[in-house]
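Letters A, B, C and D mark the chains in the order given here, with residues in each chain numbered from 1 onward.
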Amino acid sequence: MTDFRGVIPPVVVAEHEDGTFDVQSYQRGLDRMIQAGVHGVFALGSSGEGAFATPSRREEILRATNEVVAGRVPVLAGVIDTQTDRVLEHVRQAEQIGVDGIVATAPFYALGGMAQVENHFRAIAAATELPLFAYDIPVCVHVKLPPALLMRLGQDGVLAGVKDSSGDDVSFRFLLQDNERAGHPLSLLTGHEVVVDGAYLGGADGSVPGLANVDPAGYVRQWNAYQAGDWETVRKEQDRLSDLMRIVMVPSSTTGFGAGVGAFKTALKVLGIFESNQMPTPVSQLTAEEEEGIAQVLRHVGLLG
Amino acid sequence: MTDFRGVIPPVVVAEHEDGTFDVQSYQRGLDRMIQAGVHGVFALGSSGEGAFATPSRREEILRATNEVVAGRVPVLAGVIDTQTDRVLEHVRQAEQIGVDGIVATAPFYALGGMAQVENHFRAIAAATELPLFAYDIPVCVHVKLPPALLMRLGQDGVLAGVKDSSGDDVSFRFLLQDNERAGHPLSLLTGHEVVVDGAYLGGADGSVPGLANVDPAGYVRQWNAYQAGDWETVRKEQDRLSDLMRIVMVPSSTTGFGAGVGAFKTALKVLGIFESNQMPTPVSQLTAEEEEGIAQVLRHVGLLG
Amino acid sequence: MTDFRGVIPPVVVAEHEDGTFDVQSYQRGLDRMIQAGVHGVFALGSSGEGAFATPSRREEILRATNEVVAGRVPVLAGVIDTQTDRVLEHVRQAEQIGVDGIVATAPFYALGGMAQVENHFRAIAAATELPLFAYDIPVCVHVKLPPALLMRLGQDGVLAGVKDSSGDDVSFRFLLQDNERAGHPLSLLTGHEVVVDGAYLGGADGSVPGLANVDPAGYVRQWNAYQAGDWETVRKEQDRLSDLMRIVMVPSSTTGFGAGVGAFKTALKVLGIFESNQMPTPVSQLTAEEEEGIAQVLRHVGLLG
Amino acid sequence: MTDFRGVIPPVVVAEHEDGTFDVQSYQRGLDRMIQAGVHGVFALGSSGEGAFATPSRREEILRATNEVVAGRVPVLAGVIDTQTDRVLEHVRQAEQIGVDGIVATAPFYALGGMAQVENHFRAIAAATELPLFAYDIPVCVHVKLPPALLMRLGQDGVLAGVKDSSGDDVSFRFLLQDNERAGHPLSLLTGHEVVVDGAYLGGADGSVPGLANVDPAGYVRQWNAYQAGDWETVRKEQDRLSDLMRIVMVPSSTTGFGAGVGAFKTALKVLGIFESNQMPTPVSQLTAEEEEGIAQVLRHVGLLG
């Protein structure tokens, strides 16, 4: 299970109103994505509350993931934390529970400087047999991973791939070219739901769209069209998905993760997949009014009758 | 001459070693682009030193532009400055010399806040008959123009279009959709040389690539393929142009404008179009070693024998 | 007139409701400051609309300044612009009208990199006999001037001093120490109204407080206490002035320059010194309600009966 | 032990070359500070690796702290993490081991927005009897805590105080004034080693200087002079301590935490207090050359013979 290619959604977490993990809702959403044909899943990403979950919650999520995935697609697990030793504790846990690959960001909070970033990825890879993805997410860790560093780590066998949530499509395009020229050591995945078509045009190996929790079938159709070279369908599906992405603009009561993942959870609630749109503390769940606004977008794109 | 569509390069300025305007080199580059089939030209943009030029230099550049363009394509002129009154002096000058449209950024240095940005564009439009483009370039003015503001100004007849150099392809994709739905009041042009293909896939009305100073024919071929729906050619041309864009990574002696526009000028010198790669004070021109590195890239993509 | 020491306020500009320069109000405010004992004035700074004024407005302001100052204190003139050639046009104008020193920021908009910043200051100094101050204002130009660069330029005779509006009191403290050790080549002035006492404790040569337009006598009393080593008075005056500075928190209709300088102009109007609180386009003037809020602060600190 | 006033250093952690906790070195440094007269200690702050330590390392550090402090001064413990549930696990641990107060930052990584920040602090305070300090450190968490929020939380009994490492001395001055006016609900401590004198002049309740690990006696003398109103001594001690702080400018092999805390650890090694200047992974320890540079600074200020 080491072929990380295609649509690999970051799995959104379901919580009961009391904050406990809602395993039924979580597994319902996950199973629906696999049945729609996604090619892998990414648990404990940013959308998957991996940077917030306590060790026991991490364990609950990973076990619930494995139970429902049951080997049908590969499972990536986020091991996101401020510093290497902390990340290694998450790696140990992921190894014990069993996953197919791990995903780490640059260190954050007080650390920085490319030498430290490089040390970090090398130390993680040296401590595990699992394939390691670099998660490039400057909006959260406040450092952009340079293509030259990523290529060096790919060619040295440290990295198996990159999840690009950098918002820097120019840099990603250069990375795609460099990777091709170097014999394709890295699996390069875009994390930007709204411009997946452009990333595919540039030759990306796949996508990690949070929005695929809401409409996995759309992203699978788009991937299939990409594989068939049918660019008109790729762009048409993108236009529809970009319209659907407007759900994240509905919230006005909260921002950032609260608005984005809040909108995903609320859409899943409206679609009858999640029981609640409960968010982790200190984030407020979206209001009834915002829920209605999200339902309207779902109706507009045809996901809700 | 109000059809702002297709490839509309920002024209790079040529200077003699003593800092004076090199009209022959400038016109040689400009004429080469028009002969290659570009659909318009943008003088005094960021690449065109519009934010640095003194009033007399501005006049020299605009007159030289008009002389060589001679009505073959529309001419856009940058009117970039910190504040409205200053911009209006540039507008007056552009009107007197004669251009087909003007391009203004948000105010900068100390101004900010969306109410001021909106006032600024409305005040400019109210003071001229010329079509007005908004230039969205947060890396220089440190404010991102929100799609909702741009659409409102488009629908109110304040703006004729947008030159997007925001680096935010997600926002640009939403803007393309909004514009379509609103009846296409705006001409939407991307300023990102390396991902023009993705912008075309999203439905952009054209591009404003600084790199087209170096290889106008490539961008024209890409545009024609786009118009024909031939996406494989669009992406293939893009891959070649993105390779060419590596010239901006060659410089190590300077950064920002100095490296980017410095690389364009140096490439034009290597190609025999510019006599010098002189930069405006306080920017140093690229070194002989950097010039050789740029020549190697030109050879690699087949622009130099 | 080359002793730049003590309280040197940036002079706020007065405009009529139609946007023309209100020379009477301007000179009334200026004369009041000189009569209160300030030790110099700084025309065409950020607060003095120097980054916005057209060449003709610049001339009006400088002539009106010289007329009322009449040699009583030294006059500094801002020569703030994006790039060296533009700055040199302002320098020429300032020389022709006659000032005692000039104040320039780092280049901005697209330029950057310390080599360019250093070239910029060296080119300005090489082109004039006037003493040159570096204006360190990263919030506007998006680059912080490093103490090591400032010291080098001071020891080379390029700079006569620094106006520090960096908000980085740690860096300023190191600069004060370095300057002392190097034989005090630079006159070091703080631009932060609210913590002038801390800057004096560190050994600053003076202050450039925009708020001194509103209460020049307070800053002069604080300076005199500093010179006498009376720290209790220094801090007591500061507490009162910091309370007065709350006028910049009153505005909610605008931000940045609009709120800060808008509050200064409105306070001067409330105090009967300015006829109008008109702002330069595209900034809206403060509302009647905000004016009342500012009047309340003035009453609270005893400036208004 | 709830009087958080005076010099309260963040305790730097000692590690053996193999990365294990060096309890002897740690306790030697801590005891030296208490013997020098500091008024409290802050374990597991940013300098104290609180954002990096694993749960077991946290426990080692807190137990070693309590053992050597033995009730002589109050102990604050950092409970820094991305999100509320994670912080609460640290709070539970701190309660079980026994501390006198806790210190939390705003949530970080993906969270943000002032509503979430406020929820976060309120949820922490609701879950413990321990006095709670807000740690304002935008350089790490990328949000500045507004004085109005801090005052509201202070007046509501949520916060006992603030550790200000914001670098925004203007905001801190306003906070000092607001706190005084509200009856002094908050203990306000500055975290900026180089401008403690200015914070004292503004009325701060104390300081949390990482540099006090190296020279606790200097900060204690400065505090005593402050209490006696002897401002000349306050500023003189500050000048000496600011000179000492130059040790953080010596490192060129690393940046940020690596350079700052690396310099503190190296100074403690040079002074014979720490056995090693080992840093947590992925940070490299300073080089022998950098160690010599730091020794020179220590000699210059008289801390080393």
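Heads up, the rule we're going with is that contacts are C-beta pairs under 8 Å (C-beta built on N, C-alpha and C of every residue); 3 or more make two chains touch, one makes a residue touch a chain.
In UniProt terms, the chains line up like this: A, B, C, D = Dihydrodipicolinate synthase family protein.
This is a predicted model, so every value here is computed, not measured.
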Pair exhibiting more inter-chain C-beta contacts, C-D or B-C: B-C
Farthest chain (mean CA position) relative to chain C: A
Equivalent interface positions on chain A and chain B, same or different at half: same
Whole-Å separation of chain centres (CA-atom averages), chain B against chain C: 36
Contacts with 2+ other chains: residues of chain B: none
Every chain pair meeting the contact rule: A-B, A-D, B-C, C-D
Residue numbers on chain B that touch chain C, as the complex places them: 19, 46, 51-54, 57, 80, 82-86, 89, 107-113, 115-120, 123, 140-142, 253-258, 280-284
Chain D - residues contacting chain C, complex: 167-170, 173-174, 177, 192, 194-195, 197-199, 201-202, 229, 231-232, 234-235, 238-239, 242-243, 246
